[in-house]
Amino acid sequence: MARAVNNKRRAVVTLIAWAVGIAIFFPILYTVLTSFKTEAEAVASPPSFLFFDWTLENYAEVQERSNYFLHFLNSVVISLGSTVLGLIIAVPAAWSMAFFPKKRTKDILMWMLSTKMLPPVGVLVPIYLLFRDASLLDTRTGLVIVLTMINLPIIVWMIFTYFKEIPGEILEAARMDGANLWDEVVYVLTPMAIPGIASTLLLNIILAWNEAFWTLNLTAAKAAPLTAFIASYSSPEGLFYAKLSAASTMAIAPILILGWFSQKQLVRGLTFGAVK
Amino acid sequence: ETLTIATVNNGDMIRMQKLSEDFTAQNPGIDLDWVTLEENVLRQRVTTDIATKGGQYDVMTIGTYEVPIWANKGWLVELADLPSDYDVDDLLPAIRGGLSVDGKLYAAPFYGESSMVMYRKDLMEKAGLTMPEAPTWDFIAKAAKAMTDKDNEIYGICLRGKAGWGENMAFLSATANSFGARWFDMDWKAQFDTPQWKETLTFYVNLMNEAGPPGASSNGFNENLALFQTGKCGMWIDATVAASFVTNPKDSTVADQVGFALAPDNGLGKRGNWLWAWSLGIPAGTQKAEAAQKFVAWATSKSYLEMVAEKEGWANVPPGTRKSLYANPKYQAAAPFAQMTLESINAADPNNPTVDPVPYVGVQFVAIPEFQGIGTAVGQQFSAALAGTVTVDQALQSAQQLTEREMRKAGYVD
Amino acid sequence: MATAKSNVAARIMISPAVLLLLAWMLIPLSMTLYFSFLSYNLLSPGMERWIGFLNYEYFLTDPAFFSALTNTLILVLGVLIVTTIGGTLLALLLDQPIWGQGIVRILVIAPFFVMPTVSALVWKNMFMNPVNGLFAYVAKSVGLPPFDFLAQAPMLSITGMVAWQWLPFATLILLTALQSLDREQLEAAEMDGAGPFSRFFHIILPHMARAITVVILIQTIFLLSTFAAILVTTNGGPGYASTNITYLVYSQSLLQFDVGGGSAGGVVAVIIANIVAIFLMRMIGKNLEA
Amino acid sequence: MGSITLSNVKKAFGDTVVIPSIDLEVNNGEFVVFVGPSGCGKSTLLRMIAGLEDTSGGTIAIDGQDVTDLSAAKRGLAMVFQSYALYPHMTVRKNIAFPLKMAGLPAVEVDKRVAAAANVLNLNDYLDRRPGQLSGGQRQRVAIGRAIVREPTAFLFDEPLSNLDAALRVNMRLEISELHQTLGTTMIYVTHDQVEAMTMADKIVVLQAGRVEQVGSPLDLYRNPRNKFVAGFIGSPKMNFIDGEEAAKENAATIGIRPEHIELSTESGRWKGTVAVSEHLGSDTFVYVNVDGVGHLTARVEGERPVSHGDTVWLSPVAGRIHRFDAQDMTL
Amino acid sequence: MGSITLSNVKKAFGDTVVIPSIDLEVNNGEFVVFVGPSGCGKSTLLRMIAGLEDTSGGTIAIDGQDVTDLSAAKRGLAMVFQSYALYPHMTVRKNIAFPLKMAGLPAVEVDKRVAAAANVLNLNDYLDRRPGQLSGGQRQRVAIGRAIVREPTAFLFDEPLSNLDAALRVNMRLEISELHQTLGTTMIYVTHDQVEAMTMADKIVVLQAGRVEQVGSPLDLYRNPRNKFVAGFIGSPKMNFIDGEEAAKENAATIGIRPEHIELSTESGRWKGTVAVSEHLGSDTFVYVNVDGVGHLTARVEGERPVSHGDTVWLSPVAGRIHRFDAQDMTL
């Protein structure tokens, strides 16, 4: 029963909200704008916002200098791969925890989350050695494995909270309708959890896309994703703001666009059971 | 066969990457994969890889700091089979010395650098001073104060302040040499409690406070370059390679006003300049050593220099490696800083860097594995002193303590 | 709903996740534990030797350790405070009927999608740089001397940057929580004579307690290992002013290549993380039950 | 005191007019029930009286004083919501004390009043529980407790019993009626359950599409519905409507007979039909009969009548209990 | 066929014994209703029959065949849940077709059967909607459709109407009864609404604390309750119980009289009392009377009786309608 609101108040609130929104977004906007400036304009004082000579030369140069497409492809494969693999492992676990809760279930869940608190640097050398011995260094497979393990607790938790919201009666109904375990999961549970699974997918793609420690340390050339691409611009000789901005824009644009298009999904899923 | 090459993301390396088609054309069957990283990340990556025998790279870009250490451990392939036209003897002796162990060459220099003074002729003139070819620190201090005009965002001197053994400590170690200070005495005892260091650091901090730009404690090479190029610095003491950037009218607003001088001294017989060379080395574990050596030879050859000159002009040739380049009149004409660069490089002596004798090799670094950590930690202290969060005395005291600590832990002293 | 058969199935289904995570945690961790008792420098391979607790002694007496501990706390708490308070306010704002709500929400979410490295680079170079940065420009144009954020107030600056990244996350969760509040409760409070502030403190805030807990939990997990923002901007300096535990361990193991010392630091960090975890889980457990 | 007067009150959401115009007088101490089909504007009207919704026109006066522009908090009314709207994080005690706390009463006074309210509502044993630990009926009582503790000028109830199960609903209905007798405060009560309306109201307001169809006492509406809508709406089971020939015989477009006013015989009567379903409640029997040319008729018979599916029966309306409607559905 | 036999069936959750031991026979084609207070084990029993819950002891047989260890999917029963448990991501058509799909029927056959079920339930117009776009009653029908489409040996219903509002509940009740008449399949129906129990059941099973109190036809239970519990549970409004002196007069520990079996007079009668509340429904009047030395009695009077709060009235039980119970609450 939403209450009708008068327009004057609405206008004021709209104004404030837009101001705040633009302020928060400003750094990104400014980066994108800078990517279209020449280097000289990028550091000019006073800074120009829209009235400058728009140029694409930074993009051209970045493109020429590094194989953006390869990095992009690696990012896609790694973030998608790790998320999908994570889902495959997490869905059964979450199913089990949500519909067959045991005394220990919550402890297990919390333990899973606590593994995320391991500082990655603490275990880099062991992992590096293990990966070397397994010939996983600089392979997409290796990164998919690492990122899967890193994000698995989050995936499990998210899916778990989603499954929790599905009434057990529906699964029982399916059982009464003659569905076996497999039918139950495939035809009933999974489709019902699609929105949740979609948002889990999204959040984890974002997390995997932006993960910059393992992706940087376990790759060289073949499997290096966009984080490595950025690392090659982070401090070139001379502060080339414009080129840096162009590279940054290219690195974050795909995920930003994906995020924007799917923000409704994302918002719905981002509750982590925080909302009852 | 695919060679994986780790390079640092500076302009010369990037240019090499672009020109590498020449190599693949000459050597069908060899493909190149590039891993271009920012300096610190690169160092971390290649060191981890070579130390754990990860085998991810076939050619690594490394500096004069790593080469002697790694070569001693047998991690690098000796460059013995260089083609006859390579002309090893053409390499500048100081550089070649830094890349050799027991007379054997373990990495080929891609470009070399020292440090020198770059200054704005117009501002110097305005201040009523003339820059001598080999200035003293006193002159630098005087000139810096005279040139400073903070209201118009003109700062007399820009120096490195960002913490890091390759950042502020490169500059400060080299400067300390000219003040008669050293890292260790012959018993590996840290020397930060000596008056020489105190003098060095006091001078540096005072100078920067009076005539330096704001935020100097986070300025490294890049930040200072940007400042200088936008006309905000009167003087800048830094790597010789910067010369080609600050004189390039495309990027620099002050290109035609730049003058050069040797790094300053204090009359003690050592100048405050360093020696560095980015070089290409081949890790011992690689299966593709032969192809890798071909590539290294190509990238550091005379013909590569000529190719760059032909395509991009002489001013853009990677400097500091070959005598023949400095003898080349075309290069001298295109690069007004050539002479000064050569002199600076020749003035540095890695094997004998300080006024008093030391047990280590290296001008602006100490070629022991522990130095990266110690250097950076000390750099943090000095950076804090510059930022004003600690006093010079406190910074020196902490530096002394932590260095002693680490050296004890590493077993150099008991 | 449980029958004996489905209980067995449930056990089987959960085991891959548990076993994998167990392996992922135990194997590297035990290696790290082993290394932490060795004198093991990556640059001196073959010279490893057993030195007992010496690495721990060095790590814990390192003058950087204490500031790293405080900095870790400052960063985590600082970001949490900024994001929960800011997120709550933003959620309240976005919950109001406004024109173009979708677009505003997109604007607010955006920072969450930005790679931490990119964000750090952008803030450091384009905003906080005391000469060329936008903040300096603004300061100068109102006649103030530019402030050197990263040197004079490194933790504050880093906290600000990281908070900017996490604010959207907090906002989103809190907004969803807010929207799940039964409108009738607010109306009931209104009928009971509660003004806007009373309604906020007595009704809205308690309702969001659970969501706030979740925000705190998730963010703490990520914030404890903040590292890119520090590496890119200050390298932990000046001095140790912006070194946190993660960065300290990083510098031990990857700048000094002292694997032994780094591992000892890693173990210490794990212990600290677990203390925080236990503390958090207690809090969460309580809040998630209700 | 607690008289409420609506004059020419209108409400539109954007372009949708929900309430064209309503005039209504609620006297002090009266128990007024709003009934009407879903979406007819009952809640909206109540919420306008509460001050939770702006009016689009007209004035609302409480005790003669115009409160149209006063905020909800200042009208001195109390409201019990369908969902109870208890504060889930507060104990029962705190829930009940909340309005007093907002009014800034001293703690001693608050405690005294809460204790009194708890006594009235039999909530003493639950004061330290949270709403989540209470049963539906207890929650409902807490919601009422929160309303009465403040001694408001009038109570507003929006379908307060619709979330309870049948048995509990009967109990709570009685409790609310008793409360009204005890307190004597004006109450406005929205429901779509006409048993509640009939048993509780002093005055029923029948609404349809935002318009008042009829206002009157329950028995008044039962006996003399103004039109077919009211006739059908009041009474359970629903009145049987017959049109066509049979209605014409009575000089009406439609006639209506309540199930309890139909006599059933297995031998003779006015209409002959077959039993479709018969429901035996013990106390009564509901018989659903198909009558040729008339349609489905429901008859209520007291006690147990041994009729079942397929039996042939005769139905006859009780004399004088036939309602007659014209073509415009108005009572003749 | 669809006879269900429970022999000595037990259920315990951990240490809590919910059902000590139950024997029950459901005949083919019977409509059996389980009633009992909340928590008495109705749902548990139903779920054990369905196979959704393991038994802790005893055997369950369907058509003479022991199914105790068979999974729910294989017992050939259909269940309608309180929450409907529709698959929200499937259209109505797919929901109804789901059990057939699971059974692996060919598409043509599936379509035919779905169409038939939709016809029976008047769902033709909604086949392509999702459950979210349906009203409560329609959803309920889809749930039933999903159950009947498979032609199960028996239907199980767990409080299928408790989420519907009063009016709809009456309709759906009739529809389910008709369905039973049409299909003739065994149905087991759980409810706590005794109107439903009375009107729908062939046989009512009254449960208390996991034990069967009485089994019998509705009117049987209404007329001859085995004990006080059943007597109080069946019938609405609830039976009046009187103990003490008045009961002793009838040679019983307690006597019980149903409200509809009390005659009310304003002049004379057995018990004199004052009216506490009178509820006028039009068709009936419920009068709540306080009688000194006897207690609160409820009387139901047909039609409208002009009694109100405070009036003095006399109440008399209808002869032969008094139920007598001994000290162990068993009927005498």
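By written order: A, B, C, D and E. Residues from 1 in each chain.
Heads up, the rule we're going with is that a residue touches a chain if its C-beta (ideal position, glycine included) is under 8 Å from a C-beta of that chain, and two chains touch if they have at least 3 such contacts.
The structure presented is a predicted model; accordingly, all values stated were derived computationally and were not measured.
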Going from chain C to chain D via touching chains takes a minimum number of steps equal to 1
Between chain B and chain C, the fewest touch steps amount to 1
Note: of the two pairs A-C and A-B, more contacts are counted for A-C
Taking each chain's centre as the mean of its CA atoms, the one lying farthest from the centre of chain D is chain B
Taking each chain's centre as the mean of its CA atoms, chain C sits from chain E at a distance in Å of 56
Taking each chain's mean CA coordinate, chain A and chain B are separated, in whole Å, by 39
Chain A to chain D, mean C-alpha position gap in Å, rounds to 53
Per the C-alpha means, the centres of chain D and chain E lie apart by a whole-Å value of 26
So chain E residues touching two or more other chains come to 51-52, 71
Multi-chain contacts in chain A, i.e. residues touching at least two other chains, fall at 1, 3, 43, 125, 129, 172, 231, 234, 239
Chain C residues touching 2+ other chains are 1-2, 42, 132, 184, 187, 254
Seen from chain E, its contact residues with chain A in the complex are 50-52, 71-74, 77-79, 81-83, 85-90, 98-99, 102-103, 146, 150
Interface with chain A, chain C side, in the complex: residues 1-2, 6-7, 9-11, 13-14, 16-18, 20-21, 24-25, 27-29, 31-32, 35, 42, 90, 93-94, 96-101, 103-119, 121-123, 125-127, 132, 134, 137, 141, 164, 167-169, 172-173, 175-177, 180, 183-184, 187, 210-211, 213-215, 217-218, 220-221, 224-225, 227-228, 232, 245-246, 249-250, 253-254, 259, 262-263, 265-267, 269-270, 273-274, 276-277, 281, 284-285, 288
Residue positions on chain B within touch of chain C in the complex are 40, 44, 47-48, 51-52, 69, 73, 153, 162-164, 213-218, 223, 226-227, 230, 232, 369-370, 372-374, 376-377, 379-381, 383-384, 386-387, 389-390, 395, 398, 401-402, 405, 409-410
Note: in the complex, chain A contacts chain E through residues 167, 169-170, 172-180, 183, 187-188, 191-192, 194
Chain A residues touching chain C in their complex are 1-3, 5, 10-11, 13-14, 16-18, 20-22, 24-25, 27-28, 30-31, 34, 43, 45-47, 89-90, 92-93, 95-97, 99-100, 106, 108, 110, 112-127, 129-130, 149, 152-154, 156, 168, 171-172, 181, 206, 209-210, 212-213, 226-227, 230-231, 234, 239, 241, 244-245, 248, 251-252, 255-256, 259-260, 263, 266-268, 270-276
